[in-house]
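Labels run A, B, C and D following the written order; every chain starts at residue 1.
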Amino acid sequence: MPIDVAAHVVANHALSTDYNVLSLAAPGLTTTAAPGQFVMIKAGRGHDPLLRRPFSIFEVLRDERGTPTGISILNKRIGVSTGLVYDARPGQRVDCLGPLGRPFTIVEPPNEAWMVAGGVGLAPFAELATALRGRGIATVLFYGARSGAELFYLDFFRGLGVELVLTTEDGSLGERGRIVAPLDRRLAAQPAESALMVYACGPEGMLAATARTAARHGRRCQVSVERLMGCGLGGCYSCVVPMRTDDGRSHHVRSCIAGPVLAGDQILWD
Amino acid sequence: MDLSVRIGSMTLKNPLIAASGCFGYGVEYADVFDISILGGLATKGLFLSEREGHPPPRIVETPAGMLNAIGLQGIGASRFVEEKLPQLRALGATVIVNVCGTTIAEYAEVSRIVSDAEGVAAIELNISCPNIKEGGIQFGCSLTGTFAVVDAVRKVTQLPIIPKLTPNVTDVASFARAAEEAGADAVSLVNTFLAMVIDVETRRPKISNIVGGLSGPAIRPIAVRMVYECRQMVKIPILGMGGIADARDALEFIIAGAAAVQVGTANFVDPFVWTKLLDGITDYMQRHQIARLSDLVGTLDTRTGDAAGISA
Amino acid sequence: MDLSVRIGSMTLKNPLIAASGCFGYGVEYADVFDISILGGLATKGLFLSEREGHPPPRIVETPAGMLNAIGLQGIGASRFVEEKLPQLRALGATVIVNVCGTTIAEYAEVSRIVSDAEGVAAIELNISCPNIKEGGIQFGCSLTGTFAVVDAVRKVTQLPIIPKLTPNVTDVASFARAAEEAGADAVSLVNTFLAMVIDVETRRPKISNIVGGLSGPAIRPIAVRMVYECRQMVKIPILGMGGIADARDALEFIIAGAAAVQVGTANFVDPFVWTKLLDGITDYMQRHQIARLSDLVGTLDTRTGDAAGISA
Amino acid sequence: MPIDVAAHVVANHALSTDYNVLSLAAPGLTTTAAPGQFVMIKAGRGHDPLLRRPFSIFEVLRDERGTPTGISILNKRIGVSTGLVYDARPGQRVDCLGPLGRPFTIVEPPNEAWMVAGGVGLAPFAELATALRGRGIATVLFYGARSGAELFYLDFFRGLGVELVLTTEDGSLGERGRIVAPLDRRLAAQPAESALMVYACGPEGMLAATARTAARHGRRCQVSVERLMGCGLGGCYSCVVPMRTDDGRSHHVRSCIAGPVLAGDQILWD
């Protein structure tokens, strides 16, 4: 049961010239939010920009008593609305519709959980890691970015006891190259009898590679896909992902209500 | 205060209709709000068989609007009747089925199937989808084609028939007239404006179908003008739409001549827009002491002169 | 880098033209910026005699657009030639005269007067003003009328003739074709979309003329589509316009098939937009290693498939 | 020679629930500004609202050395853009094009100057009064509003030595009624041989009444008219006012370049 909250900006922390974390006071919104769910945000007034934009719930904010007071989003500026989110001032109003979509399915011990993040794809993993570690699950974060300056919140994950495997395209931090390489090696080294779930979020290409790699090693993989979304509620059919049906046909699935978290091995990656 | 609207044998409790393709099959919104508060809802366009629609990207945002080329992905008439209609009935929705066809025979067949089913209030004939070659636009852009489709469907159903007109013509009112002469109970307008957006960096269209349909506030002033033109030309009710985002917008269409209004794109921006529209219209009627909404329809005052001074 | 554009006997130093009715007579902007940096400027529409135009209010803002019904207020052809043209020559402007008429004879006579004058580079035939009954729209909405006006003017002038097309038709490309067959050197499109805005509190139109012409970013996606359609239909250059507000917008039109672009409403919002447009286009050509702007015209890549993945 | 300045809000003082004074840092803009001139302001980003809005220059802001640093505008919230101006936050960007239009013609002693303001029509008179008093001209401000709570900056004008004549529609301050009534009486009482200029700014109806009253008493009157303006530079012909030409015809004059200050007796008031 999503609600629409006229949230107010409580803080805006710039992480880089492209990335920021926007904290929003949105009481009520987060009472049912689960890791992997998203919100539809309207940062500007007027009709330009017109549509809301989807953002993963990065952190659930809580007061000293632990009651949820709002959310934060990890934003990467790539255009109009992410630009507005980057420039948002404390006190400013940001309409926030959610929580929306199918969350990650959280495994139980003795499963291990491997999270694979590319760039801003880190967003859903802060809450997921918290949930996983809360269940005492051994958790690894494979996290790749363009450079070390764009690898964020590392101490947060370390603090949770999450093992970090980092890659950067320029080699400035961790291994040089793409994140799928160390994932592949580690999957190969993993004993077959161990139980394991792969979670992935990031650019389309990285998701495809991760899903294929996991499948090749016979591992289950949940991917959170990114599609242009007009409504976030199943109304417009803009967000479809081609998926394999049980009878082997291809079917356009609405990623806003069937996803954003989908089974990696059922997506027909082009 | 009486907000009801009569369209042929169908009575809407209020003039607010969820526009086709912008509200899924209706059931998607059941756990967002009580959809029985709507005057009615128009389903996603339905052909005889299932369709997968166009590959993504299917939409792109434009200034105060959006372009879409979904390609009429849908489950087809029979599955709709079996899977969705019972739920919609249970939810207390007034269902207007948006009927598509690639041939006149298909329009008639789909119409027959939904007419035989229980819980369909009216048929909206989509002869105006700009996004697929066989989207009926060949009927919607020809007066004889428009007449022929309505005439054929008239023979197979007792339900109110509401052809949906395209704005991509020189004289939309003549199409409303053709529909009326063929026995339509009302007309819906406007469908989307054929348009295109180019990614200048890749020099490719922004949506896979190259061209798409423009909707949203951007088109509202053109749509209002078209409703006004049709009002002069036909007696049957007009379901007006195109960029309605708040009560003031809806009232513009009603004053221009729309008996009811449909809202599409604004439902994407705010799925809770419906109660705001309802409250705004009710408040307006109170302030202006209008007892029956029907008394407001087409009451535009075009005497010139006074319109002049802006301080007025 | 070569930004020049050839249109018949006229050469523009760059593709940026101030759109008719949005730049006064040009002289008004002389002390705002150096108007000789423009590729050209289209004057306010000119009839044979002076006109006072419509009473105010003449404009109203709409979502990402504006509605206008100025009613072609103007000083007439002769006074323009005597009073404004010498100044424009002195300012180094490339002048395109926007010619209006209530009869074919008037179009011809106005064209003759401006052709005889010194310092006129081309004639833009306004057969598409939606705001006055006698605004030539009766010619602009009929293929034979369009042909007849161009044909008549062709007989009285050596200057490039550029009929300006209305978007308020089913198939704009067929009008471009008619103009080409009649001997036009280029076509301009689009003029404004017939539209209306209602003040719901007074139930009166927001502008004195009841209906007006919609312009601005709101219409851009429709205008781009129309330019693209015309590009497939005619060989003569297209002057594209409709909602251009920045370099990206201008490039969209050029990639869709426009040899040059006109900018109207955006000049109201930012009279200094011209240098921004010029810089943006130059920067784009550098980044994409395009030596001649003409190499970019109509280079839209419509191969489908790849367009799919949004991450692309 | 108008310029376009990306001005920043330095302060926003709310005067009432409808009125505020917005101070803008706009170096360069005001070097040539004269009383009665205006600026075209774009308060929002994006294309909705699209057009700029005209605002009189209320005050020219100066640093301690007296060099102009920007302007303030007196804003009355009546719609979208005036709403944005009312809500503007310090630091926010507001595009500001100007100075524009024909200013008031400032009289010389022994002329008296009578300023007639209705509501937000007060805006151009702060700078005009400063200029007039600087020349030692006896200045009266006739100022009417809905209520006493909407009569602003009275001390500012008193401080300049401007005589105040106030009216309110509800009688809560000054004389009850419209401002033209006391103006009329005072004009009647004024010795015929005295030299006098009437300056007026406010709603259309008040301007018409003031112009007619001044004419009836044989006094010159400069009115600052308010028209919907698309461009402010003579480009669009949206802002026209019907005026009498020398040969007695009616002619639509562009109030943005021929005005906003026009001769009251030449306007054809409908």
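To be clear about the criterion, contacts are C-beta pairs under 8 Å (C-beta built on N, C-alpha and C of every residue); 3 or more make two chains touch, one makes a residue touch a chain.
All figures in this text were calculated on a predicted structure; none of them were measured in a lab.
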| item | value |
| --- | --- |
| Longest centre-to-centre distance from chain C, chain (CA-based) | A |
| Between chain B and chain A, distance of the C-alpha-averaged centres to the nearest whole Å | 36 |
| Interchain centroid distance [CA atoms averaged], chain B/chain D, Å | 47 |
| Centroid spacing, where centroids are CA-atom means, of chain B and chain C in whole angstrom | 33 |
| Set of chain C residues in contact with two or more other chains | 55-57, 63-65, 216-218, 308-310 |
| Of all residues in chain D, the ones touching two or more other chains | 46-49, 227-228 |
| Contact graph of the chains (line, ring, star, complete, other) | complete |
| Touching residues (chain side chain A, partner chain C) in the complex | 46-48, 203-205, 226-228, 270 |
| Residues of chain C defined as touching chain B within the complex | 55-57, 62-65, 67, 141, 168-170, 193-198, 200, 202-205, 207-208, 210-211, 214, 216-222, 224-225, 228, 243, 248, 251-252, 255-256, 284, 299-304, 306-310, 312 |
| Interface residues, chain D side, partner chain A - complex | 44-49, 80, 84, 89, 91-92 |
| Residues of chain C touching chain D in the complex | 21-24, 28-29, 31-32, 44, 52-53, 55-61, 63-66, 68, 70, 73, 216-218, 245, 265, 267-272 |
| Chain B residues within the chain D interface of the complex | 63-64, 217, 308-311 |
